[in-house]
Amino acid sequence: MENGDGNEGASAFHMPEWMIQFADQKQEFNKRPTKIGRRSLSRSISQSSTDSYSSAASYTDSSDDETSPRDKQQKNSKGNSDFCVKNIKQAEFGRREIEIAEQEMPALMALRKRAQGEKPLAGAKIVGCTHITAQTAVLMETLGALGAQCRWAACNIYSTLNEVAAALAESGFPVFAWKGESEDDFWWCIDRCVNVEGWQPNMILDDGGDLTHWIYKKYPNMFKKIKGIVEESVTGVHRLYQLSKAGKLCVPAMNVNDSVTKQKFDNLYCCRESILDGLKRTTDMMFGGKQVVVCGYGEVGKGCCAALKAMGSIVYVTEIDPICALQACMDGFRLVKLNEVIRQVDIVITCTGNKNVVTREHLDRMKNSCIVCNMGHSNTEIDVASLRTPELTWERVRSQVDHVIWPDGKRIVLLAEGRLLNLSCSTVPTFVLSITATTQALALIELYNAPEGRYKQDVYLLPKKMDEYVASLHLPTFDAHLTELTDEQAKYLGLNKNGPFKPNYYRY
Amino acid sequence: MENGDGNEGASAFHMPEWMIQFADQKQEFNKRPTKIGRRSLSRSISQSSTDSYSSAASYTDSSDDETSPRDKQQKNSKGNSDFCVKNIKQAEFGRREIEIAEQEMPALMALRKRAQGEKPLAGAKIVGCTHITAQTAVLMETLGALGAQCRWAACNIYSTLNEVAAALAESGFPVFAWKGESEDDFWWCIDRCVNVEGWQPNMILDDGGDLTHWIYKKYPNMFKKIKGIVEESVTGVHRLYQLSKAGKLCVPAMNVNDSVTKQKFDNLYCCRESILDGLKRTTDMMFGGKQVVVCGYGEVGKGCCAALKAMGSIVYVTEIDPICALQACMDGFRLVKLNEVIRQVDIVITCTGNKNVVTREHLDRMKNSCIVCNMGHSNTEIDVASLRTPELTWERVRSQVDHVIWPDGKRIVLLAEGRLLNLSCSTVPTFVLSITATTQALALIELYNAPEGRYKQDVYLLPKKMDEYVASLHLPTFDAHLTELTDEQAKYLGLNKNGPFKPNYYRY
Amino acid sequence: MENGDGNEGASAFHMPEWMIQFADQKQEFNKRPTKIGRRSLSRSISQSSTDSYSSAASYTDSSDDETSPRDKQQKNSKGNSDFCVKNIKQAEFGRREIEIAEQEMPALMALRKRAQGEKPLAGAKIVGCTHITAQTAVLMETLGALGAQCRWAACNIYSTLNEVAAALAESGFPVFAWKGESEDDFWWCIDRCVNVEGWQPNMILDDGGDLTHWIYKKYPNMFKKIKGIVEESVTGVHRLYQLSKAGKLCVPAMNVNDSVTKQKFDNLYCCRESILDGLKRTTDMMFGGKQVVVCGYGEVGKGCCAALKAMGSIVYVTEIDPICALQACMDGFRLVKLNEVIRQVDIVITCTGNKNVVTREHLDRMKNSCIVCNMGHSNTEIDVASLRTPELTWERVRSQVDHVIWPDGKRIVLLAEGRLLNLSCSTVPTFVLSITATTQALALIELYNAPEGRYKQDVYLLPKKMDEYVASLHLPTFDAHLTELTDEQAKYLGLNKNGPFKPNYYRY
Amino acid sequence: MENGDGNEGASAFHMPEWMIQFADQKQEFNKRPTKIGRRSLSRSISQSSTDSYSSAASYTDSSDDETSPRDKQQKNSKGNSDFCVKNIKQAEFGRREIEIAEQEMPALMALRKRAQGEKPLAGAKIVGCTHITAQTAVLMETLGALGAQCRWAACNIYSTLNEVAAALAESGFPVFAWKGESEDDFWWCIDRCVNVEGWQPNMILDDGGDLTHWIYKKYPNMFKKIKGIVEESVTGVHRLYQLSKAGKLCVPAMNVNDSVTKQKFDNLYCCRESILDGLKRTTDMMFGGKQVVVCGYGEVGKGCCAALKAMGSIVYVTEIDPICALQACMDGFRLVKLNEVIRQVDIVITCTGNKNVVTREHLDRMKNSCIVCNMGHSNTEIDVASLRTPELTWERVRSQVDHVIWPDGKRIVLLAEGRLLNLSCSTVPTFVLSITATTQALALIELYNAPEGRYKQDVYLLPKKMDEYVASLHLPTFDAHLTELTDEQAKYLGLNKNGPFKPNYYRY
């Protein structure tokens, strides 16, 4: 999950600096030797793989085992050894986590039932590269139930839940991932997914674009058989748009990131809850009466502001966009420049997607005990680097909580070193992940089954009807009952009774 | 103002029934004789002119004067007689209303100041057809200050404030409008605006499309000199899209209705307040603890639900679109079918844009004293016709409030006979009208000054940058201070420091 | 209804100035001659009778009839002439209003049914002095149904609904009241209620204490037969406490004003709605984004703040009491001194019960178009008198709305001339009045039926169990289902299963 | 902290069963031998000491050290050995925690400054028995700064933070407490505080009443020198009222539990935040759209309902008290019997103070994955015992989270085994503890300095003026500015300018 924000879409216009930097990284990537030693990969990539992700809790203790999984010989109970995980013996613990996740992912379970007879993914050979969590496992096993063969690697060197990976390996999925991979391990795992004797993927499910690019660079011929790419992240989507712009995209790609359900649910509704959770778990603070400034009033900012207002905080907002600014006013927030309130606020929250929104100058002027954190999509919003100067003392008071101490004794409470608070210090509800996973599954089904010509070598948004279908699959969770149009009403409105119900530009 | 709703944009797909009906009306319209006697026009048009509009308060009593304005000889204090209003002597009262409105339309006043030096509308000859209210007067006088010549008629036979029309006439505007026009008067007034010796319009500002179509049918040659049309209403915009589709649109048109500011402010924020106001003024009911069902969770429904929840009502929602339905769930509303709750609710509110959402069957099952009203965009949502049966007694208990009484004594409280509650029973805040009026002014400036080729014979949305400009002009009202991007930040985001700040598909 | 506030109970401690003034008025009252000519009474009393009450809407036009009701000979359809109302012919209109009110006063209707068999007020002779409205009529007819004989006068010279008075007279109630009484009429009406050949009251229902004091002064011997007084208003209750303190209270009195249900419902819940209603009806303003300062954070202030915050206003609070101040902080409001925000706010609302909270100095510093109004319990909170100076121009722009214009053109919008906004400019929901009326009825039943010795010559609060009973009678309105304690649970809690459920000091 | 609830005060009326049980425990307590072996004490007391308290996080690992502190010889750096803690070497860690707490307890720090010159507790010898946390340490060091000598034990065998105890011992406080005391340790520690050669307490600060009762039973003569008792807990206060009723209370006692600030802040505002925190930390659930039933609408229930509603849950309420029930209605919650919604809800929360509110029958009918937890004041509300039957499987899935599994596979998620969720699974904000600690300090000062005769051998509430003072000391935290009455206003209201500002019965 990446948080959206007021400006994220801006890059659709011209190529912003951060994408150019990214492009440069890829240039470098090309120059890398094929055979690479461990830890030899440039940090320029690992940066993107590790940023904004805290290590999720591991349920079993394996700290004693220092052997690299690559050096181990492991088999699952059926004698299969086509996988590489930390410890296949943890499978049972992982299975329990998967079962718990299944209970909150009713849409995927329903999909298994509804689509199972026809096996819409029969023949599909999917290679995936995502965070490996219980929720991903439910997705993978759903894809399997729909007829697909899957091979999987992790999109982040820290985020794999070893127990879940073991459970997947135990039930026969070729999974190549563990927590704490090196850069070299990272690419090795991806390579093991695609570079297989007698098996060639025909679908890609990617989160961040690393898998896609590995195939581009190493096995470009594979694209001849690939029917499409499904990409979830802001970053990966941008890479795809760049390829498309440059005329180099050679298969259709589905942009899952900008689907309505992902945007509104991941950002607005999820952040409305996780801002409170993240602040509580790190600081135990009381929200009532606190003065807070939220930088940015996009979906994330709207969620943060609504939650804090509801808990009795006094919230100020900063914005660069006059339309979002006017929304903030109408929603009851004072719109200020950061400088106007920086001396008085108890909490500063960034959610702009911009860089250096909170500068050293701001930090110098904050009052004692001010809490500073970031809910935006990267770790650039707070100029944390500016705090790494000799006159300031850093004191780690808890996991993810630093006190930065000024010479006069003033302390600033910096959370997650300016990385994403909600990924670092709270958990993401399974329900939100369910929406994204269901969208991914439907995007795969759509691309795999689409008649020739429906999709060209371009980046597509999921058809609105599919967005609506994802939503409808989640309604039973709330015992929600949808109204159906009568024939007469459908005719009056000029709509098909089964949707889509809105024009593409509808804002929700 | 017309309320948007969950389905309004639907017609962008295929031609819905209600547009086909409308097209039929225009067919009929063609057959009308050029010289038409008073009251001879078919009701099919008057329907659209009168629907959903209650007579606004008139500030001076002129009920005694039964002479038609068309039969009167009036001059303003400067001897000018190129106008037709109820009573030029009411000008002073109207001027006071205009002055009060000016205080709440700071954006137009700012526009007068900012753009005055350069007179961006110098040479513009604008013919307008809108509701004639104090707010419209501020718009017209702003257009005048920017260099334009204006001639104006009313877009609704009931909505003219006679005093305001008089004030405009007094200050030299050729205004042709009064409250209580006949159908014939209506077209006569429009004709007087365009059919002038030695003056030909080069810009059209329309609300509903009647003026545009009159010119189309009667003076098609005028379009040669016309630079563009600015249209505000749902209905008018649809007529334009139809013309465009049929290849008959011969000048560029600006769709003001679908601008972000209009959609979000007219619908979400305005309805959030006007639902409470409308219900209180008509019924004096207490909201706390009441059970309410809101049909439709588009912007209007969202506004109604938020307000009633905040006031302590228990709110149920019905929806046909699963995405909006899921939003309702996440916002804390039980999503039901109308039948599930119809027996228990105290209030039924429709905001779907659909027809027959509340049927006679529903009405039969409501409990005693249930209040029924409509916030959607037409008067078709509640099947009011079904209540005009012999066994039911109608009792008018207050203006806009009918008790419909069943044989067993059960009473349903029907507001505004199913027409728009907020237009009929509450007032629209000047601030909201200010946003729309400013958008109209900017659309006129843009179309009038656009270099050849920027706009073709098509329907356009206002450039996002102008939407942003409209918003920025309203921020000072809230003493709101926008943050400016640094050069470095703008580069990082790939944005121009002055906007636009979002891609076109951004949902806000 | 009178609004409570943060300080109202303060007077329970020592005798505050405003009560001393009031006592002085009564001194004067003693000196009045028994036979008084019309309009001869000092304004010192009329002040209290007219303050804070706007003329309620009258449903039939009787402006042409200038004859004083005292000079008319009227009989109802049964030939009875023991009443004095404006026009007995309006009875039918009044009956319809009463019927509408009955639908929203289910508790009284239930009381009629439940208690009817036993006629708990059989033999009661109640003299009443309250606002005469449809809701009062429902109360009176309930008292009648329970066995009581009633005679009634108005407690306010403006508040009588003539049609309702006529309907009561028509159905046999001796009512002496009309809208627009003179001071002399006022006392004449009261006297006609008590000074009757062959009929002597044994119960008093008072609102403001005028009836009680009339009997005290004129017919002190009547108290020998009077079983008790039920008093509703802040003012009347204070007068009773003074009598009690002075040892002059000669019958038990029930303080209905301080019952939980009245305090929380009249003040918190009712004001939460009426602040919005009052502002909308007078100014049509938009709440979103407006800056508001609310002076006083008692129940009334809490209601106002909650409503405005919910509608998107930015609310500041002033307080003198640190506990209420801390509540305001925890509820998310900036606690300020009025001076800190007076230049920036769009609306100033007083609800302190104090005097000169808004001074001329504050008014001088407000910005143009600032709205000033009062929700507190008297008209002293805004120093309106200070605005009656030659350099300021007053302009009445609507009923209850004055523009006060400074020499530089600045306008302040003063509502209801500083009297209670919600009584002057909005309506009180019947449901709230139902709670108070039911409490009054139960208090009468309790005092009338109490065994000797239960109540002494003192002022009592209604037993908590009766408060609870009033509440329980209103639950069916909301289809609310109360849980009953099991025997085991009741024993565990040490409670009677039927209540009372809380100790007296419980704060709710 | 203990949560209040709708019924807690009920016991002020008659002696409820749970108090009788408690009295029985004390009977038993009398029979105990003076010299008691470890772990020999009856569980009847330990129950009360351990209930509702989870072990707080310990910041240093001392699990390896199994020696009982009673068997260790420890000295602080100044050679003092009059204490008994786990490990004096952890003092530095504890000091840091205390310093962090000081930053959020500005009122105590202000008290140190304001009262330091006069040393209002000079000569006071305070024996205390409370939870030993960083916040308690700030209180103790404040008492020291005000002139008092203190000796301290823990009121709960699990709640001591060893590092904080060490820090206190290091700075010279005789502290006798560690985490994981046995019953015998518990009483030994208390005894070490009071049974000292050459030192006799003259003030008691108690939380739960164990210290008070130890002195009563063992050293009754000590009361001759004791000036008063300050008691914080519901339980301890009830014990005091019982003593008072029985005529056995021999010194004045201050009931801190029922002070306004404690009630409203500990219960309403604190629970509003901790319900969310507790649910998130245990289940990571999403609140939006979830159906919740909250049993009990006292302060705690009000806080829970407000928070969950704000987060988008649909909340139902059960109540036995019609007044609280009506409040729930007006606040927008459906009032139901538990049976009506038990099949459909996702979460059940108890906050009644009652027993067996959720029975096995209810549990049997809940849907799969339903979460059950308790926010009330004891662990009796959910009949957890009824779940300890052979056919149900318990599975501990996380700390404080059990899955109880029915034979058909249905799982109920039981949090904290039905003990207090917010104490078990979330943290209490320092700010709330600050209010209570400040109240305790002021109560000690008041009792210690009160002139003879002001307080008799009875239980007192803190004078309202002191409640107000506590509140005022916390306002600077919020940069809140109180308004002062003018002389004229004070006279008008009959108030002293410095308070108290409200009558005792004021409900806030």
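Think of it as A, B, C and D in the order they're written, each chain with its own count starting at 1.
The criterion applied here is as follows: contacts are C-beta pairs under 8 Å (C-beta built on N, C-alpha and C of every residue); 3 or more make two chains touch, one makes a residue touch a chain.
These numbers come from a predicted model, not from an experiment.
Of the two chain pairs examined here, B-D and B-C, it is B-C that is joined by more C-beta pairs in contact.
Sharing over half of its contact pairs with A-B by residue number, the repeated interface among A-D, A-C or C-D is C-D. Between chain B and chain D the centroid-to-centroid distance comes to 59 Å (mean Cα coordinates, whole Å).
Here the CA centre of chain B is 41 Å from the CA centre of chain C. The residues of chain C that reach two or more other chains are 269, 288-289, 311-312, 329-330, 334, 478, 480, listed in rising order.
The touching residues of chain B, when paired with chain D in their complex, are 288-289, 309, 311-314, 329-334. Those residues of chain C that touch chain D in the shared complex are 6-7, 9-19, 258, 260-261, 263-265, 269, 318-330, 334-338, 340, 353-357, 380, 467-469, 471-472, 474-475, 478, 480-486, 488-489, 491-495, 499, 501-508.
Within the complex formed with chain B, the chain C residues making contact are 96, 100, 103-104, 269-270, 272-273, 276-277, 280-281, 284-291, 307, 310-312, 344, 368-369, 397, 411, 426-432, 477-480.
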